[in-house]
Every structure is written in structure tokens, then in C-alpha cells.
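You will see chain A twice below: alongside chain B first, and alongside chain C after that.
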Partner chain A sequence: MKIKTLLASAAVALGLAAGAYADGHEKTKVGFVFVGPIGDGGWTYEHNKGRLAVEEALGDAVETVYVENVAEGPDSERVMTQMALDGADLIFTTSFGYMDPTINIAAKFPDVKFEHATGYKRSDNVSTYSARFYEGRAIQGHIAGKMTKSNIIGYIASYPIPEVIRGINAAYIHAAKVNPDVEFKIIWAYTWFDPAKEADAARALIEQGADVVLQHTDSTAPQAAAQEAGNVVTFGQASDMGQYAPFPRVSSIIDDWAPYYIARTQAVIDGTWESTDTWDGIGAGMVAIGEISDAVPADVKEEALAMKAAIADGSYHPFTGPLKKQDGSDWLADGEVADDGTLAGMNFYVEGLTGEIPQ
Partner chain B sequence: MDLSVINPILLIAALMSAATPILLAATGELVVERAGVLNLGVEGMMILGAICGFAIAVETGSPLTGFIAAALGGAVLSLLFAFLTQITLANQVASGLALTLFGLGLSALLGQGYVGIKPPRMADFNFGPLADIPVIGPILFSHDPILYFGLLLVAMVWAVLKFTRAGLVLRAVGENHDAAHALGYKVVRIRTLAIMFGGACAGMGGAYISLIRVPQWTEGMTAGVGWIALALVVFASWKPWRVLLGAYLFGGITQLQLNLQGAGVAIPVEYLAMSPYVITIIVLVVLSADKSAAPGSLGRTFHASH
Partner chain C sequence: MIRLEKRPQPSRFFAYVTPLLAVLATFLFGGLLFAALGKDPVQSIMTIFWEPLFGEFAFYYRPQLLIKGAPLVLIAIGLSLGFKAGIWNIGAEGQYIMGALFGAGMGLAFYPTESVLIFPAMVLAGAFGGWAWAMIPALLKVKFGTNEILVSLMLVYVAEQFLASMSLGLLKNPEGFGFPGSRNLQQYASAHNAEIIAGSGMHWGVVAALIAVIFAYVLLARHRLGFAVRVTGEAPRAARFSGVNPSRLLLFCLGTSGMLAGLAGLFEVSGPAGQVSIDFNVGYGFTAIIVAFLGRLHPIGIVLAGLLMALTYIGGDIAQSQLGLPAAAIQVFQGMLLFFLLALDLFTNYRLQFGRTEAA
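This part shows the complex of A and B:
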């Protein structure tokens, strides 16, 4: 008797839960998995701005949820699974290291759409999207090459993945073009977000003579370290980091995810979502260049803006030959432009860079 | 590869600064553990200290006031741990982990309005002409007051634990709380005070990161330093001077690997990054032969009726 009652009430409870589930499902639920805190002032901050833009643009039709500080790797699978079980219709996983977890979880939830940032693995319900940050890096490299007096440019890299290597190459090519004596010192921090370590890395570079520091990590700590040093130029990364303008931050690469997030969410609402691969740059507005401050000489600013315009209208590609690889072998012939496949899997330095890419 | 670009004097000076947050937090935790309490909430108390110190320093314009506030913030948070483990007799490991998670969340909440603000700078301690001595000047006489306070703290903790009656009582409570209780010492009161001291030290360590090393506020900015401090106490086998040694070793390896990379030395970073932990494990193995190293009542709950 008791067991029967128990089963009956369990069945009722299940029915109620299912009912609630159906009710709650009228809104399209969009989940975001973030690698850092939304207050990092850089990468995750911009993704969160995109999330807020989705809420604002689509209003009552959507509900968004997010989890911040999710470690790359297996732990992220737990977070994605929970989001999918909680009824998310679309999940954005916003860091490279979520690639395999996203594919794994997507296979378990075929009705949920996934969007993975900066990766290259897709399936029927997994799209990938990224921005051509290297276009912004080319402009940074140009300004950096012109601004450095010690001819030493420091570069705080995160992980040795194609996206980061592309950025180093793009910056170096354009710095060396305007300043053949320039030397890049690269520190791999092995983190996306660790302010103390990023500040230490910036200081180590400055102590070793760098007077321009580029960063591919997410916090504003290197900006603060440069400000303290007094005569070091930096660039905002992923977000404007305008609180450090006009100096040390002289310009920035800003990721603008909002239009993409709104469009993809709308596609899910309309039922027109398909697995795609998006890789947009300055032209499409996914990469913006933060205001170039007055600390940059007017002629350099003009050249930088001209390059930005040329990249935007497609008349100039940051990886245009003649270019050689670090080992001296030919890569691109005169006038040849790098294809997206090579760029997406880039695992080599261009000629002139010293040191090795850690494996 | 060009090692000449690394300036050893600047490297050692940077190392001392990098080691200070770990040193402060580990010294506090050492006292807590010598009193027989295992508080795994160091990370949470550090991050709360980081935001308390940062917020108060920004509001008052005085970094020193900020550090005092950070110590208070850490101590107040540790009171929560003291209540859970000493009054309600909750499990120390679980309470400590909860304290870390709580501290991370609370600090993020408190820090909402402080992102992107520049804190007032703490001036370096003025030693006058001493700072101009070559080599020794930049290494020993060109730091902020908190760094010297950290060194002083280690010496004080060592002296108090070794030479004073209060230190003896604290150690007695940590070694065997039942015996200490039988002798009439207030175990719970002594432990609560030790926990608060640990909280205050961790809070100051956190504020050192947000006010001096980085200096700015970002969520989660302590990024695991509290866990290193915990490992360090074990590494030091609960002895203050070894904490100092260990903190410089841990801090130094980070600085060294960043500098070596900048100089283009091709040592795989992973080896250097994991070396502090490998050393800790080795020390643990060595210590396991010597059972007397850890305080006898470490991690055990105490109630007068048991």
C-alpha cells in the first residue's frame, strides 16, 4: 500500500514537473559558458555584453543564463549538461578549450543547438564562430613597430593554439615591416585569466627592455603594470580597456559579439538555425579597433586607420606574400594571400621571430 | 637564448614581492594549524581581503587603511569558519571549502562597483641613502612597508611559538586538545583567536595582490594563491622560517620561468610550473617517516564532553 502511494505521488510529481517544463519552454532559453568572470574587463566581459544585447533585442522571447569561471576541459561538460537538462535551446561555449566537451555534449543532446567560439570542430547541432582578431593584431603591430624606441616588443601569450600564434605572426609581420630591427619577446602564461601572473609577465618583459607590451590574455593587469612603469605602450585586448587610455593603452581590439548572438538566437526562435562556420573580421564588424589615442603620432594613426580601411574593404589581407616560415622555407609567394585553412590551423612562426612554439 | 637580459637584482626584488601574498597567508595558516585547526578557506579569505582592502583604500585614499580593512575582512570571514567548526562542530574540511566558495562569491558581489578603478599607490618604505647601495639597495631597501611587515611577521610568529607561554599553550592545544583542556586551557577560545589571526593574515595577503602587485580589482584575482599557501604550510613542516624559504621558492620559480621565457630559453614551461608542487609532494613523502611533524590534533573536532 505504502509503495503504491509513493509511486502514485511520484507519478503526479513527474507529471507536474513535465507540465512545468513545457510551460517554461515557451521562452527560448540561451545558455552561455564563460571561461573567466564577467567582470574581467576583457574577453568574457565582451561575451557577456553580447548576452545582455540578446536580452535587450529579443526581450520577452528569450531567457538567458550563464555560468562564469568554468574551467576548460571535463568540468565544462558538467556545466553544459546541466544547462541542456535545464531546458536551454541554444548554448554558446565561449573558449577554445571547450571544443571537445561541446562536441561530446552536443552528441548527447541532439535537440539543443551549440555554438562554440574559436574552435574548428562542427557537427549537425554545433556551429563554430570566431573573429579575425589577427586583422586587429596587424594594426597593433604597425603601431607597435612605430612606437617602440628600444625595438623590443613584449608579447604575453596564453596557450600555444592557432588563434594566438596567428596573432603573434600578424603583429610581428607588420611591426617588422615598419621597423626591421624590431624583436619580439614572447612569454607563454598558460592561462587566459590570472591577473597576478599577467602582471608579473608584463613586468618581466618590461625589465628585459620591452617598451611595448601586447597581450593575448584577458585581464587588464598588464595595463596596470605598464602604467606603473610609466613609459610602456599597451593595447586593449578583447575589450576596449579604455580606463587605461590615452596612455599606456593607445588602441585596442574589441570583439563585438552582439550582432552574431542576436542573429543566431533569432534563428533558433524562427527554426532556421543550421550548423555553420562563421569567421568575421573588421569588415563585418565583429572586430572593432578601439580609438587610437593622441599618444600615437598623427601620421602613424593615419597609416593605421588606412590599413584598417583596406582590411575592412578586403583590398588588403594581413597575410600577404612574400612571406617565409621561421625555418626559412617559403610560405606565400609575392602577392599570394593565406587561405583560411592554413590560418585556422596555424602552428608555425613566420621568419624573423625567435624562439620555439611550445608543444 | 640570451641570459644577460635577465637582471638578477631586479629578479630577486620581483621575487620578494611575488612571494609576499603567499608568505602572509601561509604564516597565518601556520598558526591556525599549529592550534590544531585545518582551515581550507584561505583562498576565500584572501579574495575577500583583496576586495575589502581595495574598496577601503579607494574610498579613503589610504592604502594602509585598506590593509587594516583587509585584515578585518579576512578575520570576520574566518569567524564564520570558527563558528561552524568550534561551536557547531562541523567538519573542518567541508567548512573550509565552503568558506572558499563563499568568499569568492561574496567578493565578486562586493567588487561590482570597483572594476577598472586604479587604487592609491602605497609608497615604498624610505630608507634614505641605504636604497642607493649597489646590489643590496634594490634588493633589500626598495620595497613597500607590507613586504617588510611580512618578514617581521614570520620572525614574530617564530619567536612567539618558540619562546613565549602563549606560544606553548597554542602548541599544546594543537598537539593534544584533550590534555590541554584537562589542564584548564580554553581550547575553543584559543582556536578561535588563532583562526581569526589566520583570517587577518590571509586578508592582508589578498590585499597585497589587489593593492600592490596587480594593482586593480578583478573577480577571482587571487587565482589559487590560497591553495599554494596551504601546500606551503605542509612543505614547511609547520615551521615559520621554512615558510619564508618556501614562499621565496614558490614565488621565485614563477618569476624565474617568466624571465627565462622572455630571454628565449627553451625549458618546457610545464616543468617549472609544476615544480613547486612536485617539491611539496617529495617533502610530504620525506616527512611521512617523521610522524611528529604535523600537530597531533590537526583537523580533529574538539568538544569538552568527549
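This part shows the complex of A and C:
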């Protein structure tokens, strides 16, 4: 294709021209495509922190650029193309919906490396990476099961996709383990970030008797709603949301992309970058557990930290049998551990959860 | 003492000049905003307006103007007919979604059969989807006198729920490992709205937008129906005396704008976007309202306004990446454009009067 060669040669020409030092080596340019505003306090905020960490760790060797609020679809393709044309060597695309656009644009710029978050399509110059958030959910479930007095735990879910279902299952298994009477009430918000909707969902759950509200959406609105109610426990999502500590926010799941972003940028600088699929959790530091506040009793805090340590060193897997599916059929035998394939495509509830996954 | 005085007749001069003045005022105040953020204002505005058109990579950005501008123009043309007649379809975003769902659904139903008839069938289905969604507020207004502004707007949120449901259920890609989103129509040749000339940005949606512009121009200038539209907007009572049937006009205006919005959705989902996904709609239906007014509800004006809005989006993204301008600043900049246009519009109907107030 003519346009492809044109695009690629323009990129090469510019790459050679821009940012070259006197001694011949050039700054490595890293682009970030963000789906939300960098001030969302959750998902995009943490990715942007990772970007800043790259700048800090690698200093003069790198230059980073970003565009926020980029819609999935043709807009994201244009932004990626623009970054590649402007001489980016490595581009991180940080939303699931950028999957096909990333593959499309990567094919047009074979010399530029792409990293797509939470997707499953790879190619020679496209890697994928994601975090095992469910490990954090297990710890959250444990604390939630211990903290609830009404035995009703509210859960603000975003979309019925494997990632979210995995989180619900992990939280429920560990809540039910310490509190067999616990019941999960789930509201599907059908959004990742919509403070008004999230606040409504939180209030509805609280009205239904929930005294712990877990969220898989990115804004701090549920935290504010819980604070208003006064006696409801919450957890920070994606980011620490520490401004609501020590109560209602008693802990959090934090995405820490910085180590990964630094390592991958270094690989591009060293010329050792290869297409890979990374799925890291607490052990590798991609998932962090925000400080457990004093609102949590000391013994519960200790148990939670022990579980965190066990998950980190690999001695405990949050999905360890015996476990049954919601319909009562067997899933994992005693001591058996779920394989990554099943986890990646998880589309069922475990036994004990009520309601259906919407289709 | 300065006061406003109503002009005996709207000023033709100001009607044409206010868009230009609005752009200039936006440059001025936008530049001040950028300067306040610590950026070079001239460079910022140059990056937004010059870079995509005449910069180093203009060969890539110019076709992107068509891709970004076509759905805006297509939707705005439809809206302008209604707006001229005082019929307010605010729900083009919902009609856009429904057009995309009907069109993509039609295409996916045939997967993986290859036939030249599939794409035309999708176009018809897309147009029908948008038209049918617009018929809901239209019929409710004709039958029960409901307010079409509220009904069409609320139906946007209903359409968004449909979109999420389709992405997660009926239209979900069976080979997608349980992730939301349909098959990619770009990889299904019969359903792909590909560029007619590769790299030109010219896809069937652009062609449809141009046809709609010509159609609207001829309709308004030459056809009896166009006269009915204009006279109803300017003098509803006179329109009734001259034999205009208000119900029929309402059905026509809402139906046409819904159909064009549906077509825009279909061409987008089968071409640039490629798939039905939860976040498929990006606000074209709402931005088109700005485009329609910025273009003075005139077909040619709408083309220019659509391209201008597309330019600010494309240039805005470049400015974010190259200069580190925050997205919010770009949005404020775009908002200024509409604000100044509406503010300056005052001078079309009023003039400033200096001096003492005369005794009544």
C-alpha cells in the first residue's frame, strides 16, 4: 500500500531527525493514549503516574507525550498514527477498546513498538499487558466479610466482562469463607467512569442494607456516598482514593504500572524489546494493596496481610478448589488451582452468588 | 449610555459576518487561555489550525478531516431542516446509535456470506433504524402533544442501553473470548465501508454527506416542502393559512433527520469504527447541533462548520500530544466557538445605540 510506505518512511525520517544528540544517540519517545482524563482519580490517573515514573527513572534518555480523553475507534487510530508520525518509538494504549485500532496502526508502523493494556490480540510489534486485580479482590473480600454487620455487601460492577466477573467471584469466595451468611447485591452500572451513576448505584445499595460497598468503577463518587451515609465501608479502586481514608475507605486496590512501563521503555532503549503477554499481580508489584486503615480490627488486618504475602510468594491462589459453579456443577477439585485460560474468559458465577450475569 | 435597539429587519451583513467574528474572538480568548496555561498562544493556535491542513503530515490529516467531518455534516443537515421549522430533534445521538445497530445487525446476520447486496441492505437497515427511532418522538408529539425535545433526548439514553446490551449479547463476537463488542466489519469484505480510494478518507459516508447537502440545498431553495419548512419556522400562523400541515411537516423533519443520523451511524460502524462496542458513540449527534447552528442552518455553511469542528478535534489532539495542552482546555476552546457565535448573533437582530435614552 502506498500510504503505508509513505507513513512509515515519514516516521523513519522524522525519527532520525528529531531529538538526536550531538553524539548520535537520540531520545526515546514514548506515547500514551488515555481513555479518560488524567485527573479521574482512578484508572487513567494511575497510568499517567506510570508515565511520570518513566520520565523520572530514565530522565534525559526519554521523552513522553500523551493524549487524554481519546474515544475508542477512529479517534484512537488517529492519535496513535499522529504519535508514530511524530517519532514515537513506543506507544502504550491503555484501554481494552483500543485493541483493534492498535493492531491496525501497528501494522502500518512496523518499526514502532506498541503495548496494549487488557487485550488479547498481539503481533510482532504489539505486546499486551494486564494486572491480576482479582488477587486484590480476594483480600478485599476477606476484609469485607469480616467488617459487614448486616451481612449484605454491595458491589458496583461496570460491564459483565470476564475481568469484572472474576473480581466478583474472588471477592465473594473470600467473603463467604469468613462469613457464610454473607450476601452480595450487584448493580451493573454499564460505565467505567460516571460519577453521577456511580453515586446513584452506591445509594441504592446502601438503601438495600449494604454496609460494605465494593466498586469496579473508577470514580470516587461511591466513596462520597458512603461517607454521607456514615456507617458504610468502601475500598479504593484502581487508585488509592486515600482522601477518604481512614473511613469509609479502609483499603484499596492500586494499579501500579510504573515498574512495567519503566522496564518496557528500557527494553526499547536497549533494543531488547520483544512482543510478550504479561499478566502480573501482587508478586510482581503490578497490583498493590493500599494501606489498611485503623478502622479495620487488628486481627483482620493481620489476616489480610498474611493472605497478601501468601499470594505474593505464590503459596496461595485466590481460585483454589474445592469450588463449584453457581449452578452447582463442579469447577475445581480440592486443592486444584484455576488455569489462566479459564480465568481470562471467566463468564460464570461461583456457587452462592445470586442473580444472573446480564447478557 | 449604551443600549440595545431592535433592528427593523435582521441585518444580512451581521448574519454572514458573525461566524467569522466568532472564530476571531475564539482565537483571541483561546489564545489568552493557552497563555494562562503557560503555552505559547500563537504556537498553540497554529498547531490546532495550521498543522492538520498544511503541516508536515498534512497528507495524513487532510483525509482525516473527511472521516471526522462526514458524520457531523450528515447529521447536521438533517437537524437543520427541523431547526429551521422550529422542530427540535435533540436526540440525533440515539438515532445514530440505532442506525449503527440496525445496519451492523443486518450485515452480521449474513456473516460469513459474501455478496454485493449485503452493504446496500445494511445502508437501508441503518436508515430505517434511525428513522424509526425518530418516529417515536414524532408520533408521540402528533398524537399526544408531547415535547419532542425531551422525548428525543431521553431516547438517547435508552439507545445507549441497547448498544451496551447488543455489545454484550446478541451482536457479541463469538470468537471474542467473552469480551464485549461485535465482529470487526473491516474484516468482513461485503460489509466493510472501505475507502473508495485508499488513503483518501473518502468512504461512502462522505459521499452520502455530499448528496445530503445537495439534496437539502435544492429542497430549501426550490421545493414547495422547503418553503413549508422555512415559512413554518418564520411565521407558524401564516404557514397554516398557506396550507402547511404541521403534523406532516413534523413527521418529515424528524424522520429525515433520524434517517440521516442513522446513516451516519451505519457508515461509521461499518467503516472507520469497524465494530459495535459499548462506547461506540462519541457524541457526534450532540456536536452536530453545534455544527448546524455554526453553519447558520444553511447546507453550505454546515459543510464549512463541520470541517471546522473536525479541524479543532484533530488539531486539538495534536496540540495535546505535541504541546501538552490538557484535553479540558481544548474543550473550553471548542465551547468558546459556540458561545461567541450565539453571543454575537445578538447583533443580527439588535444594534448598539449610543447616547441618551429618548423619552418614551
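The rule is simple: the second predicted complex is superposed on the first by the 332 of 359 C-alpha atoms of A that agree within 3 Å, B and C clash if a C-alpha of one lies under 4 Å from a C-alpha of the other, contacts with A are read in each partner's own complex, and residues count from 1 in each chain.
One rule holds in what follows: a contact is a pair of C-beta atoms (placed from the backbone, for glycine too) under 8 Å apart; a residue touches a chain by one contact, two chains touch by 3 or more.
Computed from a prediction, not measured in an experiment: that's the story for all the values here.
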Fit-or-clash call for chain B and chain C when the two complexes are aligned on chain A: clash
Contacts of A:41 with chain B and chain C, given as first, second, both or neither: first
Touching partner for A:358 - first (chain B), second (chain C), both, neither: both
Touched partner set for A:187, first chain B, second chain C, both or neither: first
Touching partner for A:324 - first (chain B), second (chain C), both, neither: neither
Touched partner set for A:347, first chain B, second chain C, both or neither: second
Contacts of A:74 with chain B and chain C, given as first, second, both or neither: second
Partner chain(s) touched by A:49 [first = chain B, second = chain C, both, neither]: neither
Listed stretches 5-13, 77-85, 113-121 or 203-211 of chain B, narrowed to the one that overlaps chain C: 77-85
Common ground on chain A, meaning residues reached by chain C in one complex and by chain B in the other: 37-38, 68-69, 190, 358
Residues of chain B defined as touching chain A within the complex: 5-7, 10-11, 14, 18, 21, 108, 111-112, 115-118, 121, 209, 213-216, 218-223, 225, 254-255, 258-259, 261-264, 266, 268-270, 273
Residue ranges of chain C touching chain A (in the complex, touch as defined): 56-57, 59-60, 64, 67-68, 161, 164-165, 168-169, 177-181, 184, 186, 198-199, 268, 272-275, 277-280, 282, 313-314, 317-318, 320-322, 324, 326-328
Chain A residues touching chain B - in the complex, by the definition given at the top: 36-41, 68-69, 154, 185-191, 193-197, 199-201, 203-205, 207-210, 219-221, 224-225, 227-228, 243, 354-356, 358
Complex interface listing, chain A residues touching chain C: 1-3, 6-7, 10, 14, 31, 37-38, 65-75, 77-79, 81-83, 85-86, 96-97, 100, 104, 120, 159-162, 190, 344-347, 358-359
